[in-house]
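Two complexes come next, and they have one chain in common, chain A, joined by chain B in the first and chain C in the second.
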Partner chain A sequence: MNIAFPDINMLVILPLIVIFGSALALLLIDLFFIPAGNKKITGYLALAGLLFTGLAGVPLWGMEESSFSGMVVVDTFALTLNVIFIIIAAITIIISLDYLPRQGIEQGEFYPLILFATGSFVLLAQSTNLILIFLGIELLSITLYVLTGFAYPRLSSEEAAMKYLLLGAFAAGFFVYGIALIYGETMTVDLNQIRLYLTELESSSTAAVPGPTLLLIGGALVLIAFSFKIALVPFHMWTPDVYEGAPTPVTAFMSVGTKGAALAALIRIVTIALPTVQDAWVPVLAVLAAATMIVGNVGAVAQTNVKRMLAYSSVGHAGYIVLGVVAMSAHGIEAFLFYLLAYSLTNLGAFAVIIVLEQRGESAWSLDDFSGLGQRQPMLAVAMALFMLSLAGVPPTAGYLGKFFVFAAAWESGLGWLVLIGVITSAIAIFFYLRIIVRMFMHEPVRDVQPALHRSITWTIAVAAGAVLLFGFMPNLFIDLAQRSVIALGG
Partner chain B sequence: MANVLWLIPLLPLLGFLLNVLVVWRDSDAARRERNAGYIACGAVGLAFVLAFIAFIELAMLPHEEQHMHVVLWEWINTGSFSVPIGLLFDPLSSVMVLLVTGVGTLIHVYSIGYMHNDERVVRYFAYLNLFIVMMLMLVMADNLLLLFLGWEGVGLCSFLLIGHWFERKTASDAAVKAFVVNRIGDAGMLLAMMTIFAHFGTLSFVGEESFLERAREIAGQYVTIPGQPTWILLTTGISLLLLVGVTGKSAQLPLFVWLPDAMAGPTPVSALIHAATMVTAGVYLMARTHSIFTLSPTAQSVVTFVGVATALIGGTAAIAQWDIKRVLAYSTVSQLGYMVAAAGMGAYAVAIFHLLTHGIFKALLFLASGSVIHGAHDVQDMRRMGGLRKAMPTTFRVYAIGAIALAGIFPLAGFWSKDEILATAWGKGQIGIFAILFITSMLTAFYMGRQIALVFFGEQRDSSYHAHESGPMMTWPLWILAVGAVIGGAMNLPVLHTLTHWLEPVLEEEGKAFDLTTLILALVATGAAVGSAYGGLRYYMHNAHRIKPNRQDPLYRYFGDIWNMFEEAWYVDQTYERYTVVPWYRSLAGFLGEIFDPQGIDGMVHGVARLVQGAAAGVRLVQNGYVRTYALVFLTGVIAIIGYLVIAW
Partner chain C sequence: MEFVMFFATAAIALIGALAMVLSPNAVHSALFLLLNFAAISVLFLLLRSPFLFAIQLTVYAGAIMVLFLFVVMLLGAERADATQDRLAWQRPLALGLALVLLIEAVFISVTTIPQTPAVASPEAEAFAAPANLGSVLLTTYVLPLQITGIILLVAIVGVVVLNQRARLRHSLELEQK
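Let's turn to the complex of A and B:
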């Protein structure tokens, strides 16, 4: 047997090399050189690693190449997503710097773990091979299990990690089985090959040849595994418990980063491999999106715990983002990218405010903490109000335009009923977002909360709030980039 | 300059933000007041300088290319629907921008003196600056949506500033009335915009793809597309809907009732918003969209009728008022009617000419009346004035100049623009319209003569206050405006037609040839104006002894009920009160407030809320924390999806 080594272009995986390399190096540096109690330095080093990862993307800009036998690609879509992921990771690290010591859970491994998870995001955005995507998902899951249980010995954190692990293993099984079925039908795990197989099948299709049933079922199982990661109803059950139990920066990180990365991989799968059978899976995903919007937003109404409320709200937002995918159009992908950016900035900002208000050992995250915040910390309250309005989709915020774009894309693709559900659930959502604003500005303080406002987190909140407004007024700053990403995807 | 066009509206916006965010926090009241005034004036003044530079630059361009257009950014752009934020600076916009910033600057400076020691002065200047921003957006917008944003913005500022002294019941009532009445007009505007977008797919004013050009194109085709309204119906519909918007904002029949009440605001606000700029927005809108209006003769005649009727009602109402500002308010209504009538007759350049001269001399009159009110310690009833020319010589002089300009007496600004409108009516052979406008111009001269006599001549009838002249901060803006009122007509002299020529790229109008008829008309009109003004002046000087607080006008003897009708502006307000407000408000509001709202709306809201809460409780029930339940729900989903695929495929 003749083994031919494929052409390998290391440049294609340069961001991956940099981020995983810096994560590994950081792990060692932290172990040997950083004294306990001064782990912030590790955090700063991790930020430097992220910076280098971002810089590694610069020479690749505009490149469109695939390597490693077509397993990995680099294109504008991946690079745009990388920028978003780096922003997410950087904000997560900055808001953790003071949070971890305050909660007494400062361990140096936290920051390398964030880097590993971010590396898996990058991997997911660049993979065009089911095995590699599975690898990315698993890497991501395992780091997240650890990060979720990071608040040891807080019981709720351990419980959350356990639940996440059990259900995650359950979902991973579906993923592998799905890949196996797809392989059984097509004899390949390469997305481009699958597409070739399907087009050939279609052109030679006669009544005698059966449809690609195995592939469809396999595809459905993969879709289910992704739905679990993205937290689509009914595969979302773990979300409220895990989001509530995990340390708050981890929750913030998961709520935006995991969704973005998993959706990016899903978009690769459905646009590259499965466009010819979209009649089969688009209705499925559309129904999931509808159920997610309804359950997420309705569920949030009953919550009095702000962190849990945001967990449900993030379930609801997953439904809106998926609208961009089910639209299966260039506008849909643009909308997805814009929504992801808007939602990331907004949600990270909102979680940063929660972190500021979170006391040591506290696990209430009660609405009462927000009562009268407008009097005590007017600027913080204004920022929080802005984030809530953006989440609710009120102009002139980025969140409003994100919703507008996904709805417009879905509408153009003839999914009017889905848009209708989206608009109705958005109206329901206004209730619980406004409740926080009402608490902040129209209630008297219930109890004394000392906000832990450090310079780094204050700046993060200010920058996030500014960006939410900026993209609300000038979406074109980002839309152009998104449009080029769509071209890269062949949209 | 085209690249930095956005600086013109940005400067007042910065002034607004500075006042709202920084100056407001200052604890030293005197310093706060000083800073607020200087910042506001500086912002508008600089905007005027920039606008002037841009204007010069525009004038240097070849005549056909006189047009600056900047798209700042695309706010929303999804395939078929795009909202660009773009600024347009063409001949029409340029004169409006100069008027807004120029007169605006003077009124800002005047306000420093007028609002001295007011406790909410920072708020006042902030809103005044915001108004300028919105007004600039309105006249510089390159599409109807952005224009509408400015349109609503000036409405909001007008509401806020009329209600500046909101602890006075009349002021807050007037603010609400202005807002509500304008809502009716805005509904018309919105419907017009939707119709335009539905049929032309764009709201832009600029370029070949603008709805103005498209309207012209379809008007060329005499083919009727089945299922579509004919173009004549379409343009008539759009024009009439736009006209509804115009009647609201520009105080035309039947929606003019808010303007006289709006005088409850500070006088500089009346000068800026309710005389010189905002109320002329409707005329500007008609000029901007004239290619739609000209396609519909029906709409044109309706516009003319509305304008002429408003001119007459406003003019007759103005002669019977006692409040110094209400005279000017009705006069403004009447003059706006003139402009609308001119637009209706297709003479858009003439309408804009009158808009500009009126903007100058009416601002002058309002500011001068503010000076009178200020000097007379907040007395506004002319029956309690008299003989003020001795105490306020400067105010008297500028007031007289403004009055002569408004009366249309040669050679002041009002003469030239009013005469053009009269000549247009005569030239079109519309004798009825000409007659009414001519009578109105005599009424105008008469009530200005009456007002001068009542305020400045004779003896002071109420000696309970000591009138004094206003300070230089208030008088020098008056002098500048007075100079403008004297020479303003020079911008569009007959034969030369500088302004008409300047506006030609936008309005496509030629200046009319000057002939003997026009000359005779001018002589007759001036003669009539001088006569009426002298009549008004003489009559009220002679009958000064009959004028006492709370007594009827001496002319009441001759006119009786008709005089009352004039004083109440032909009972339009009362008609609303009797036939809409009382029956509808009482019954409908009662029904809405006591039955529909608590049971219908609240019931629905509460019902939905209960439903959602019930569902949420259901969600919580399943969300019981047990992994096995979660896995079960997960599996249910898997079975449902696989089942669907197997059955459906």
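Let's turn to the complex of A and C:
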């Protein structure tokens, strides 16, 4: 039997090799060389692994190539996303360094698991094949089930992991069924070939040839699976409970990384495979985005638990990011990338502040903890206020520009009603973000909270706050990069 | 002959599936599911793919069923609770929706699907041959194969981590006593 090997270019998956390689090596190093009381070293080594992954992207810059039978591509879009993912993972690891021992849940495997999850983000940003995207989503999900349950003796963590697992299994079922239907229609799982099939169908379309019905049903099922992962309404039910129960650094990681990676894969699917059937899916996604913005922001108003409030707010923000996708234009993709960066920095910063205030074994995260913070820890309160303003979309922060860009992109694409809903919900959102600022600066302290300000986390908060301001004043630093990625995507 | 064989196995598969859902005893349900799996594996044989037949039997009927039975017996959950079903209102709704779906499926299959059965092409016969499957896995799909390996590794690490945690809690409780 003659077996023909396809052309394989290892350079294309270099970032993947580096990050999975360092995760595997870290598992072994942690097991044999790192003493039990000193697991922080594993964290530092994981940071080194992330650094190498970032460096591996440097020689690939400007490259545009696909390999492994067209399953993975490397282009500026993927590499730009990689940078964002590495920043997210690095901040997550730094804010975990002191949090884990303080909560008594320190275990060396935490850091390799974060690396594996980041590897799945990288994979999702690079794949152009439905099977590979499915595997990326599964790797991401399984890692996050474990990380969500990482505070296992705590009941809320166990409950969160269980809920996430059950709903995630459903979502995986939808995904596979969708792929099967798409394959049934097109006989391929490759995104480029699906596009070829659709254009051919369109050119030969007569009354006798029906439209791609099976593909549309399959596409709808795939969209449901993505909605679960991105937490779009009405598939967001799990979000508040899971985000509240998971260890806080994991919540921070999930709320930005998962959304970014899943949306990146969704963008690849819709821009490469489905541009010819836009009329079918753009309205659906637009309605999902509208519902998400409304439910997320209105739901957050009623919350007095800050962690739960941020969970609802992250649902709302998913809606805004999706605006960049439904715009289906070059500006939409740019807006998506900028919003993802701005939202990641802001949200990670906000969660870092929560981690500083979080006492051991406590699971209240009450608004009262923030009362009078402006008197006791003025710098911390100012940073938190900055993050809240950025989440609310108040100038001159990065969050404001992010919102501006997605609204502008949606407006250009003729989705005026969606922009209107976005602006109204942003106005609602200002209420609950400002409530925290009012608590911090205008209320007397209610109870004694000892902030756990270690050097690493202080620096992280400072850097995140600085970046939120920097990108607020000088968005061009990142916009150029985003524009180049759009060209790479053929947008 | 093939036609008769198909209807007999299809009927057995359906009966197995129905009995699995309706049986109040979890162990009986699992055994009916086994019947369903076996019937489906015969369907694969009718489609001329002995390899999938063997895989269906060993993986599903063999490994996964044993796991099911093991978990059911470990949890002692053989009997469903006789307590009041809180979601009772969903039952007529589900039956109605299922009926609609059935009518739709019958309508579509009567009106659109061509009546002459498709003849298995030589390509289709070679499609699921073990040699082809193996070569495709190691050439075209080599990257997904590797990623699957990583997924399994992460799952194992996850189980070990969570299990260690459970033991840690146990020893803590012992200390407190």
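Following the convention adopted for this analysis, the second predicted complex is superposed on the first by the 488 of 491 C-alpha atoms of A that agree within 3 Å, B and C clash if a C-alpha of one lies under 4 Å from a C-alpha of the other, contacts with A are read in each partner's own complex, and residues count from 1 in each chain.
What we mean here is this: a residue touches a chain if its C-beta (ideal position, glycine included) is under 8 Å from a C-beta of that chain, and two chains touch if they have at least 3 such contacts.
These numbers come from a predicted model, not from an experiment.
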Touching partner for A:131 - first (chain B), second (chain C), both, neither: second
Which of chain B and chain C A:84 touches, first, second, both or neither: neither
Contacts of A:113 with chain B and chain C, given as first, second, both or neither: second
When both partners are placed on the shared chain, which of chain B and chain C touches more of chain A: B
First, second, both or neither for A:228, with chain B first and chain C second: first
Touching partner for A:482 - first (chain B), second (chain C), both, neither: neither
First (chain B), second (chain C), both or neither touched by A:408: first
Contacts of A:385 with chain B and chain C, given as first, second, both or neither: neither
Footprint overlap on chain A, comparing chain B with chain C: none
Residue ranges of chain B in contact with chain A within the complex: 73-79, 81, 609, 612-613, 615-617, 619-620, 622-623, 625, 627, 629-631, 633-634, 636-638, 641-642, 644-646, 648-649
Of all residues in chain C, those that touch chain A in their complex: 131, 135, 138-144, 147-148, 150-151, 153-155, 157-158, 160-162, 164-166, 168-169, 172
In the complex with chain B, residue positions of chain A that touch it: 162-163, 166-167, 170-171, 174, 211, 213, 216-217, 220-221, 223-224, 227-228, 233-235, 237-238, 240-241, 280, 283-284, 295, 298-302, 331, 401, 404-405, 408-409, 412, 428, 431, 473-476, 479
Touching residues on chain A, where the partner in the complex is chain C: 1, 3-6, 8, 13, 20, 24, 27, 68-69, 71-72, 105, 107, 109, 112-113, 116, 119, 123, 129, 131-132, 135-136, 138-139, 142-143, 145-146, 149-150, 152-153
